[in-house]
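Look at the two complexes coming up: subunit A is in both, with subunit B in one and subunit C in the other.
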Partner chain A sequence: MNRYLLTRLLSMIPVVLLVTLFVFVMGRLIPGDPLLQLIPPEEARTLTADQLQRMRQAYGLDDPIAVQYANWFVGLVQGDLGNSIRTQQPVGHLIIQRLPVTGQLALLSMMISLSIGIPLGVLAALRPRTTTDSIASITALIGVSMPNIFLATALIFIFAYTLRLMPSGGFVPFASAPLESLKYTLMPALTLGTGLMGSVMRITRTSMIEVLNLDYIATARAKGLGERRVIFRHALKNAFIPVLTVIGLQIGGILGGSFIVEQIFAIPGVGRLAVNSIFARDYPMVQGVVLFIALVYLAVNLIVDLVYAALDPRIRYS
Partner chain B sequence: MKTATRFLSTLLALTLLLAFATTVVAQDQPTRGGTLVVAYETEPHSLAPWRSGDANAHRVYNALYDNLVEQLADLSIVPSLAHSWDVSDDGLVYTFYLRDDVVFHNGEPFNAEVAKWNMDRWADPADGYIFGLSTDIVSSEVVDEYTFRVNLGAPDVKFLIDVANKLRGVLPMGAVEEVGEAFSFNPVGTGPFKFDAWITDSEIRLVRNDDYWQTDERGEALPYLDGIVFRTLPDASTRHTALVTGEIDMDTIVAPENTADAEARDNIAVYNEPGVGYIALRLRSTQPPLDDVRVRQAISWAVDREAVNQAAFFELAFPGSTLYSPPTPGFDPDYEPYGRDLEKARALLAEAGHAGGFTMDMIASSPINQIIAEVLQANLAEVGIRVNVQLLERGSFLDGIVQRQHESYVDRITGRTDPSDYYGHLECDATYNGHDYCNPTVDQLAMRDGRSNYSDLQDPERLALYRETERMVMEDAPLVILVHPPYVFAWNADARDIVVTPAGRTFWTNAWKN
Partner chain C sequence: MSTNLSTDTATTAPSQRANRTLLRRLIKHPQGVIGMTILSLVVFAALFAPLIAPHDPTVLNMSVRMQPPSTEHVFGTDHLGRDVFSRVVYGSRVSILAGFVATTIAAVFGTMFGLLAGYLEGRFDHVIMRVTDALLAFPELVLLIAFATIFGPGLTMAMVAIGIAGIPVFTRLVRGQVLSIRGREYVEATRSLGSSHVRIASLHVLPNVLPAIIVWSSLLVGGAILAEAGLSFLGLGVQPPTPSWGSMVNQGNQYLRLAPWMSLFPGAAIFFTVLGANLMGDAMRDLGDPRMRGRLK
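So, the complex of A and B:
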C-alpha cells in the first residue's frame, strides 16, 4: 500500500512538470502583452518604446523564454512561485488567500448536489419507469443541461433584484460572519451544484438498478433483511463506486465552473483569479493557478482510488 | 518674481473644492461616521503610485495620498501639502513652501527632505515610476526644513498639473525604502484615509486618518467618514442591482442602459456630464486605400454620429467630430470639421478612384465598441465601403495596435483634461499610434508647448496653438471622432459631498453619509 502510494506520488511529478511547461509556452505564444494591459491606450497619455522597454526589464520579461522558465523553475523548487505582474503580490500568497473562498463554494455546492442527487437517484431506481422515476430523471436532465450562466442570471434576477432576499454578488469570509457568508455563497453554490446534482442522480440511478438486480440482493431479501437495510447497507454501498468516480471527476467540473460563476457573482476565489490573470496575461499568476489546479486534480484522483479500496474489499493496491 | 506667489489658505482650497463640486448640494450639516461602499469595474493594479496609473487607482490614491498641490474641477491649481509656491520670472525655478503640521500614517514626518526625495524619484526615469515627470528637471534642493526648490531646464506650464496628478501622491521615504515593491499592499500616505486591507479582486478597505491635517470650514476635523470600502464588481448589471438594493453606496461607472433607471429613482443621485475623451474609428493611414487622405475624409463624412450615440449610449454622449471634448480648454464650439454628408463622401471617394467602394476590416474589443462598429458598417455601406467587423480579445487587440496591424479599429481614450493630452497616440513613434500616422508639423507644434513660457494653461496664445494643431490633424483625418462619452456616476442620495471632476476623478475628503 505504502509502495503504491509512493509510486503514485512520484508519477505525479512529470505530469505536473509537463503541465507547467505547456502552460508556460502556450501563455507566451498567444498574442497579448501583460505590460500593455497595465498601461492601456485609454489611460496612457503617451507611451514610448523606451518606457515600455524599461518596464519589460523591471518585470523580468526581456529575457528569452527558456531563461524565464528556468528562473521560474528554480523559484518553484525553493517554494517561490514569483510575483504577480498585475498586483506585484506573491503568487503563492494570492492563491492561499483565495483557497478558502473557492473551498467553501465547492463544499457547499457538493453538499447541495449530493444531498439532492443521491436520494433522488435511489428513489428513481426503486421505482423504475414510474412517474416518480420520470420526474426525478427530468429534474436531473434539467440540472445537467442548464448552462451556469443562465441559471446564475435567473437566480440574481429572482432572488436579488426582484425579491431582494439575497445579495447579487460579493463575498464575506466565513470566519468573520458565518451566516452572512452562507448568504453570499448560496446562489453561486446552487448554480454550480445543480449540474453536478444531475450527473450524480443519473449515475446513482443506473448503478442502483444494476446492483438491485444482482443475486446477492435477492439473497439478502430472501434471508428476511429489512428493505431499508438491503437498500442502504447492501445495495447503495456497492452502487457507490461509479458514483464516487463521477464525484471525483466533478470536482474538476466545479473548479472549472467556478471560473464563470465566481466572475458573475464577483466572488474572489481561485477561478476569478485565474480568469483575470489570463486576460491580463499575468504569466506567473496563470502559471501558479494552473499548477495548483493540476495538483488538486491529481490529489482528488488519488483519493478516489484509495476510497475504492475502502468501499470494495476486493480492490487492493500493492 | 512673477505673479505666481500664492497664499491661498487651505480653507480657500476647501471652499473652492466644494464650490466646484458637481454633487448634490448638501442642505444640512455633515454628520460623522459611516462607511462609504464604492464599486468599480476593475481594481487598481497596484497601490504603489509608481506602478499604476489607471482611473480606479486614482480613486484610491485620492483617499490615501496628498499631493504638493491639487487641481480642482475647474482645472485651477490650489495648495495642498505645499501651502504656497513661487515661480521665477523665466519660469525655470519653482520654490515650494510646505506645511509643517503633516505626518504620514506611519508617523514619519513630512518635510522638505521628503518632498525633494519624492520630486527626484518622479524626475528620474531610472527610479521606477512608469510615468515620470515629462518636465525637464535639472536639480532640486532643500532650502530649509519646510522649503524646497526645483530647477527646470526649460519652462513648462504643465509642470504643476503633473505635480497635482495623483501619481505624484507624496510618499514616505522610510517606508518605501524599507519595503520596496511590497509598498503596493502596505501603502502609507498623508491622506484622509489609512490603508486597512486589500483582498484582491474583492475589496480595498480604508479607515479614517484621525490625525489628518485638513479641517472643514468650521475648523472641525476631516474626514467625516469612518472609512471607505472600494469593491470590485465587474458586471454592470450586478453593480446597478447592488446600488438599487443599497448594498453599495456608489457606482463609479454606470452603464448607458442603466442610467435612465438610476435617474428615475429618488434615492439615487446621478452625475451625468460630458467627459474628457472620445471614441474614435482609427484608420491605418499608410495602407491603401486608406493612405489617400480623401478616402479617410470620405469615411468621416459618411459616418452617422447621432446613430452611434443612439445605439451605444442611449443618446447620453456628445456626438461630435472634434478632437477635443467640450470641457477641454481649447474646445471650440463653433468648429465642426465633419458632419454627415453622403454626397460629399461619394464625391471624395470618386476623386480618389474608389467610386465603387472597397473592403475594409474594422476591429473592436468590447461589446459597446462592437455595437459602434456595426453602426459604422451600415453607414459606410451606403457609400459602397464594405466593412468586416471583427471582435478581438483585449490582449490581441492591444498587440495589433502596437504592431500597427489593424486596418481600422474602434477605441476610446479617457481622462484628457489638457489639449496636449490628445496627441500622445498621434506622434510618429508613439507605441499606441495604431493609425501609423506621422505628421512632423503636428509633432513639432505639440512639442513647442513645453518650450514656451506661458503664464498658465489657458494662455490664449497656447490655446490658439492647440486649435491650429487640432485643425491640422482633423484635415489629415487619421481618426474619425465619433462621440465624446459622458462620465456617469450614481450614488445613494444619503451619501453627500462626493466630488466628481470632468476628468472622472473622485474626491472623498469632504464626503459624509446621512
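So, the complex of A and C:
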C-alpha cells in the first residue's frame, strides 16, 4: 500500500506543477498591466509613471517570465497566494475563512445524494426491468438533467415563498445552531446534490447488475447465505468501486456548482467569494480560488484512489 | 495504389454502415425517439423563432410589466414588459448554438489531440496526456470561470470556453480507442503496404473511432447547454438584451415572489432541453454498446 501511495503521489507532481502553471498564466493573460492586479486602482491612479515602474521592479514584474513563475511558486509553497485587491487581506486567509461554509454545504449535499442514490441503485438492480427499476431510472435521469438554477428557483418559490417552511437564503454555522443551520443549508444542499444522486444511482444500478451475475454471488447463495448478506456483504462491496470513481469525479460538479448555488441562496462561501471577485476585478482572489479548488479536487481524487486500492487489492499490485 | 484503395474501402465501409445502422436503431429506441422529438422541437423553435414568437423579445412595454400568463402573453411578461414566451423561444437559439458549437470544438480538437497522442505515442503522447490531466483537475465550471476572467463575458467566449473544457475528455477517450485500434492486423497490413502515417491515421484509424465520437458528442451536448446556462446566469455568458435562458432565470429570481413565471418558464426550458439531449445521448450510448444490443431487441 505504501508503494502504491508513493507511486500515486509521484504521478501527481507534474499535474500539480501544470495546474499551478496554468493558474499563473491565467493571471498574466488577463488584459492590462499585471501591476494593476496587485494594487487597488484608486492607489494606482495617484502614482506617477516613474513610481509605477519602481513598483513593477519591486514586485519583480520586469523579471523574465520563468523567474516570475518560480518566485510566484515559491510564495505559493509557503502559503502566500497574494493579497486581495478589494480588501488588501491575504487571499489564502479569505479562502480559509469561507471554507467551512462551502465544506458544510458540500458534505450535506454528498450525504443527501449518496443516501438516496445508492439504495435507489441497489433497489433498481435487484428488480431490473420492473416498475421499480423504471421509476428509479427516471428519477436518476431527471437528477442528471436538472439545472441547478432551475431547481434552486423552484425550491425557493415553493418552500420559502409559497409554503414559508424554509428561509430563501442566508447561512448559520452548524457549530453555533445545528438545527437552524440545517434549515438554511437543506435546500442549497439538495440543489447541489441532485446531479450526483442521479449519477450515483445509475452507476450503482449498472455495477450491481454486473456483480450480481458473477459466479461468486451464485456460490454465496448456494452456500445458503441470506439474501441481505449476499447483497450487502458480498455484492455491494465490489459494486462500490465504480461508484467511488463517479463520486470522485462528481465532487468537481459539487465544487463548481457551489459557485452558482451560493450565489442564489446568498451563502457566504468560497464560490460566492470567487463570483463577486470576478465582477470586482479582484484577479488575485479569482486566481487563488481557482487554484485552491483545483488542488482540493486533486486531493479528493487521490483519496478516492487510495480507498479504491484499499477496497480492491488488485489495483495495489497492478 | 490500387491495393491501398481496396484496403481503404474495406475499412471505411463497415464504419459508415455502423453509423447508418446506429441512426436506424435510434429511431426504434423509445428513449431515443422522445429525446430526438424534444431536441427537434427546440431546434425548430430556434430556426423559426421569428415566425413562432408572437412579440419582439427585446421591445420594452412598461404598461404590461410583470403580467401573469394570459392568452395574450402565454408565459406572462417580465419586469420590463417583454413577452416571456417570445424570449424563451429566442433564447433557444443561444442554448442550441452553444450546445452544438461547444461540442463541435471539443470533438474536433479532442479527436485531433487524442488521435495524435494515441498514434504517435512517445514524448508527444506524454506531454498531451499530462496537459489533459492538468485541465481535468479543474472542475468544469471553475475552468469556465477562469476563461471568463481572462477573455471577458460573451456568447463567443462561453462557447469557446465550454468547448475547450470538453477537449481533455475527448482527448482521453479517443486516445484510448486509437491505442486499441493501431495494433490491429489491418492497420499493420496497411503500414506494411507503405501507407503514410497521415493516410493510416485519417483513413483507417479515424473512421473506426467515429461511431464512438458521435456517441460521446451526443452525451456532451446536454452538459454544454447546462454550462452555458450556468455562465449566463452568473452574468458571464450572453449579455443583455439578447435573450438567453440562464440570464432570464437570473433576472427572474429578483422578482420571484411577485412574478415567478419570469424565471420558472426559462428554467423549465433548460431542463427539458437537457433532458432531451440526455435521453438521446443515453440511447446512442446503449446502441453503440454491443453488450446492450441484445437487451434492447
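Basically, the second predicted complex is superposed on the first by the 243 of 318 C-alpha atoms of A that agree within 3 Å, B and C clash if a C-alpha of one lies under 4 Å from a C-alpha of the other, contacts with A are read in each partner's own complex, and residues count from 1 in each chain.
The rule we apply is simple: contacts are C-beta pairs under 8 Å (C-beta built on N, C-alpha and C of every residue); 3 or more make two chains touch, one makes a residue touch a chain.
Here the structure is a predicted model, which is why all the values come from computation and not from measurement.
When the two complexes are overlaid on their common chain A, residue A:Gly170 makes contact with subunit B while staying clear of subunit C. In the superposition on chain A, contact is made by A:Ile156 with both subunit B and subunit C.
Looking at the shared chain after the overlay, A:Leu6 reaches neither subunit B nor subunit C. Of the two partner chains, subunit C is the only one that A:Leu141 touches; subunit B does not reach it. Of the two partner chains, neither subunit B nor subunit C is touched by A:Ala299.
In the superposition on chain A, contact is made by A:Arg45 with subunit B only, not with subunit C.
Contacts of A:Gly253 after superposition on the shared chain: subunit C is touched, whereas subunit B is not. After overlaying the two complexes on the shared chain, residue contacts for A:Ile264 are found with subunit B and with subunit C alike. Contact with neither subunit B nor subunit C is seen for A:Met111 once the two complexes are overlaid on the shared chain. On subunit A, the surface patch touched by subunit B in one complex and by subunit C in the other comprises residues 30-31, 156, 161, 263-264, 279.
On the subunit C side of its complex with subunit A, the touching residues are 130-131, 133-135, 137-142, 145-146, 148-150, 152, 222, 226, 229-230, 233-236, 246, 249-250, 252-253, 256-257, 260, 263-264, 267-268, 270-271, 274-275, 278-279, 282.
Listing the residues of subunit B that touch subunit A in their complex gives 45-46, 48, 51-55, 125-126, 128, 130-131, 134, 181-182, 184-185, 199-202, 231-235, 237-238, 241-242, 244-245, 247, 277, 393-396, 398-402, 411-416, 421, 424-425, 427, 429-432, 434. Residues 14-15, 18-19, 21-23, 26, 29-31, 141-142, 144-150, 153-154, 156-157, 161, 251-253, 255-257, 259-260, 263-264, 274-275, 278-279, 283, 286, 289-290, 293-294, 297-298 of subunit A are the ones touching subunit C in the complex.
Subunit A contributes residues 30-33, 36-49, 51-52, 54-55, 58, 83, 86-89, 94, 97, 156, 160-161, 164, 167-171, 263-268, 272-273, 276, 279, 281 to its touches with subunit B in the complex.
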